[in-house]
Amino acid sequence: MTQSVTPDLSARVGSVLLKNPVMSASGTFGYGLEFMPFYDISRLGAVIVKGLSLLPTPGNAPGRIVETPAGMLNAIGLQNIGVERFVNEVAPRLDDAGAVYVANIYGRTIEEYEAVARRLSDLPALAAIELNASCPNVKEGGIAFGSNPEGLSGLTRRVRAATGKPLWVKLSPNVSDIGEIARAAEDAGADAVTLINTIVGMAVDPRTRRPMLSNVTGGLSGPAVKPVALRMVWEACKAVKIPVVGIGGIQNAGDALEFLLVGAAAVQVGTANFRNPNACVEIVDGIRDFFVREKIFRLDDYRGTLLLR
Amino acid sequence: MTQSVTPDLSARVGSVLLKNPVMSASGTFGYGLEFMPFYDISRLGAVIVKGLSLLPTPGNAPGRIVETPAGMLNAIGLQNIGVERFVNEVAPRLDDAGAVYVANIYGRTIEEYEAVARRLSDLPALAAIELNASCPNVKEGGIAFGSNPEGLSGLTRRVRAATGKPLWVKLSPNVSDIGEIARAAEDAGADAVTLINTIVGMAVDPRTRRPMLSNVTGGLSGPAVKPVALRMVWEACKAVKIPVVGIGGIQNAGDALEFLLVGAAAVQVGTANFRNPNACVEIVDGIRDFFVREKIFRLDDYRGTLLLR
Amino acid sequence: MPHGSPRFVHGKILHNTGSGIFYRMEVAIPERIDFVPGQFAMVSGWPGNDPLLPRPLAIFRSGGVRGKGAVEFVYKVVGRGTALLSGLHAGDPLALTLPLGHGFEFPGEDRSWWLVGGGVGFSSVFPAAAALDGQRADFEIFLGARTREQLPPGEWIPGGAVPGRVHLCTDDGTAGFFGTVAAALRDRIDRRKSSGPARVSILACGPHEMLKAIAELALPLDIRVQVSLESSMACGFGVCWGCVTAIRDGETSGYRRVCREGPVFDAREVVW
Amino acid sequence: MPHGSPRFVHGKILHNTGSGIFYRMEVAIPERIDFVPGQFAMVSGWPGNDPLLPRPLAIFRSGGVRGKGAVEFVYKVVGRGTALLSGLHAGDPLALTLPLGHGFEFPGEDRSWWLVGGGVGFSSVFPAAAALDGQRADFEIFLGARTREQLPPGEWIPGGAVPGRVHLCTDDGTAGFFGTVAAALRDRIDRRKSSGPARVSILACGPHEMLKAIAELALPLDIRVQVSLESSMACGFGVCWGCVTAIRDGETSGYRRVCREGPVFDAREVVW
């Protein structure tokens, strides 16, 4: 009787069924294809591609990243090839690779958000659209929408109307009350919320007296933010009924399990990909091993089972 | 001409003159006396003692701290001996030690805050009162006051009226707009703002399925939060005219210089004391060495001189 | 015994080698330190801020020549910090705050001592044994482990060569007494009853469950029990209030710092 | 030259020893890898998350026997990551992503090669020299350093025994040419004019200012210059867009990834 049943890792984010709860986080996984030398990306729950805008975007001047204790600041400024090239050149290759993929989008105006969402709706295989309402690194990156419930609600409603694809809204952690923001997204028709995006931070060089980033401030990610991300995901899970996707500082299966335990439907892995290109699949395997060891047969038997005294 | 002039490190936080800009942060330095075996605490700009309440407070059940990547979560729950014992037993010994000291206070109600502030006003040598409007770990620890401008303004006004001591208001980082909160404190009569207090975070054990802290959530401190703290201090410096004291993840002189560079009048060092009991004085020495090397004669010639393109 | 005032020192590893599941590490420090058995050091000094906090380790031995000091530790790899320690080499730097905490007390009266170490708990019990051995006091040692391999090497046991002094206990019976140290202690208590009225004092360090079982067994018989508790610590010298445990104080109880009022407490005062 | 597809491997340090200001480290890896001179590895694998990011190091040599591989790096301690590396010992684990980036190009035509390394820049230039030496090509090496001690040991220089091939330059004149490598190159160019029309191609790696000076000197003379640029990198394999530099593309310019389109660029395309 030592025979072990392979646990069922399948996860559901609203209407989107994933073979496992591990996705790559936008902006840390390129367009997905870059990982093909390392592993078969169809093994992931989903690939979330780099944030797409209506037109190709050059991004910020160099001085875009700086390492911080157990974290990093980035101010890439959403450099990307634009939605048109994505649809024509990248999407077919993701289809060929058998990947489940989600497009992360942003616009300088609500109309741009709508246009990008509309264009992406043409892609039959696209699993969902993730609305980046929280990029701290471009003035127009949605931060104006993402840091108050009214702004987020308006944006979400408009994009919701522009596409039939499942709509995930990515939330900014730079707020007083994440539950309130999550509810605003839910009420405006989001199919899921994903969080956290990066926390606004800064680093300066005491000797040259200059900021380390050309953009002065940047977004903090990596293990350093995990405790904050986990708390916000927990709060969001309590605040809304739609699925919550947990993101922030996940490096290994144990970290991913923490987010699932507090109620996340699935997780995204970002900065960890940089140090270990295999991070995402190692996390899938690690979750499976944990479930085997702990005799948990289905993800749903574990999700949201945090014990409070 | 290689003779070097000792730089003038004296700092001013409103009417309070400090021999150097390095203070210990509340809750990480006991009542100050615990450091006497390591060094003469009168060498510090000031000692900020553990948060004091009207009555002795038992604090939270064990499971109070947990280490996180480059940081730690704490949920001490403000265990302290109460203001009366502080005034009678501790203050005289701080006087004897020649220390400049500041009392950090909190109350469950505005009236308690007032009472603590009033009792402390009897201490001639007390340099200032730091109002903790931002402890995330006790329901009554001021978080209700600290996370919105109106609450903070009301509390500050009342405590301002209750004491003639310089009043520093310690701000919570768990807000959307730190500048707005800092302005609320300024408008309500604060002599300075100090920030950041800890960021609310969480950690759970995937195997036992329980929170690591008895209080479920706790406050994140240490190097992990430095980039966020620095950004908020920079924003606060731009928002108010009163002095801003920078706190958050300072481990060494370089970190302290970053806060001074973006405009902080002085800094506080917290979690670093745990790993290195000499951290505060090593930072004083490190700042002095840096000034000698860089031929900076006075702190004021360096403070707030960040170069933006 | 009075404890020396703590200091923060930079040391250099002299050796750090595994013996079975235990590592033994000696660190050169600028000056010789005295310590009371049960006292500990906060150990850090590895590169980077992760792990961030120092780790508490009982002081296993302290020595030194010509003004220079050296301290020794014994540890078991249980997590990230101890794994990192085990990867350090001779010559690597290490920072230490020591000696810390309230150690075992040795009241002057004539009595027998039973020293109990469970798991790596022997690391604070052996220094007590060494002190008693130096005084030619009457003591016995009980060592508990899950299995034979998890017992400390016999040659580490101070005064261990004296016949009848050392009682080994394993949960799986692969060495010595088949059962827990608490069960072995019960046997020993029964034998004591028949052999006479010598006063006994127990000093114990090990897993919480073991300490609790010993307290429940010995306290009703008026045997004095001192236990060394564990706790997650941030500072180790009493300034963060992170390490507290509930301690009875007359009618009431309150949270006392394991790093300062402890780690050694009178078992009667611990809220088990 | 085509570059091999990158892989992520766990290695074990074979040796890691300082020689003057440079450390030379060899790492055993599961399989042999091929690389183009100028390609690099992202190196990490130390305990803890601080430093968090891997560090880029040029692949200095690659070898191996019986299916197992080994790669060698040369590095200089400049900050936290390299300091941490320098404290690692034989037997310690290390994780590597390699080979990465676009290396130097060696068009087939008959020409002379001038290889220029400033500071630790020789680490990507010597592999190019080794390749040219293997082809018995005509090449000369220019090495610049602040002072004599900061030059690499002579025996590291591939083909360095050939008289007249190696030009040492020091800013303080303590060895070889008194001045920068750019000044030494100017001399060499002047001498070349007199000696004939052989086509020359420059491969250079070193401080940005040095590369810029070389580009300004050589490009107007129609000497082809390839430069290996540095940049802060998070991933090293093209997915974070953190490492970009401005590159001219016809009339316009855009940000290209140093880790992917580079680190070696045609000096004409770099926006200096």
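Lettered A, B, C and D in written order, each chain numbered from 1.
Just so it is clear, a contact is a pair of C-beta atoms (placed from the backbone, for glycine too) under 8 Å apart; a residue touches a chain by one contact, two chains touch by 3 or more.
Small disclaimer: the values here were computed from a predicted structure and weren't measured.
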| item | value |
| --- | --- |
| Between subunit A and subunit B, the fewest steps along chains that touch one another | 1 |
| Third chains touching both subunit D and subunit C | A, B |
| B-D, B-C or A-C - pair sharing over half of the A-D contact pairs | B-C |
| Farthest-lying chain, centroid of Cα atoms versus that of subunit B | D |
| Dominant chain pairing [most C-beta pairs in contact] | A-B |
| Whole-Å gap separating subunit B and subunit C, where each centre is the average of the chain's CA atoms | 36 |
| Separation of subunit A from subunit C, taking each centre as the mean of its C-alpha atoms, in whole Å | 47 |
| Shared interface positions of subunit C, touching two or more other chains | 48-51 |
| For subunit A, residues contacting two or more additional chains | 68-71, 222-224 |
| Topology of the chain contact graph, where touching chains are joined (line, ring, star, complete, other) | complete |
| Interfacial residue positions of subunit A with respect to subunit D in the complex | 27-30, 34-35, 37-38, 50, 58-59, 61-62, 64-72, 74, 76, 79, 222-224, 251, 271, 273-278 |
| Residues of subunit D that touch subunit B when the two form their complex | 48-50 |
| Touching residues on subunit D, where the partner in the complex is subunit C | 46-51, 80, 83-84, 87, 89, 92 |
| For the subunit D and subunit A complex, residues of the former touching the latter | 5-8, 44, 48-54, 95, 97, 231-246, 254-255 |
| Sites on subunit B touched by subunit A in the complex | 68-71, 73, 147-148, 174-177, 199-204, 206-211, 214, 216-218, 220, 222-228, 230-231, 234, 249, 254, 257-258, 261-262, 290, 294, 305-309 |
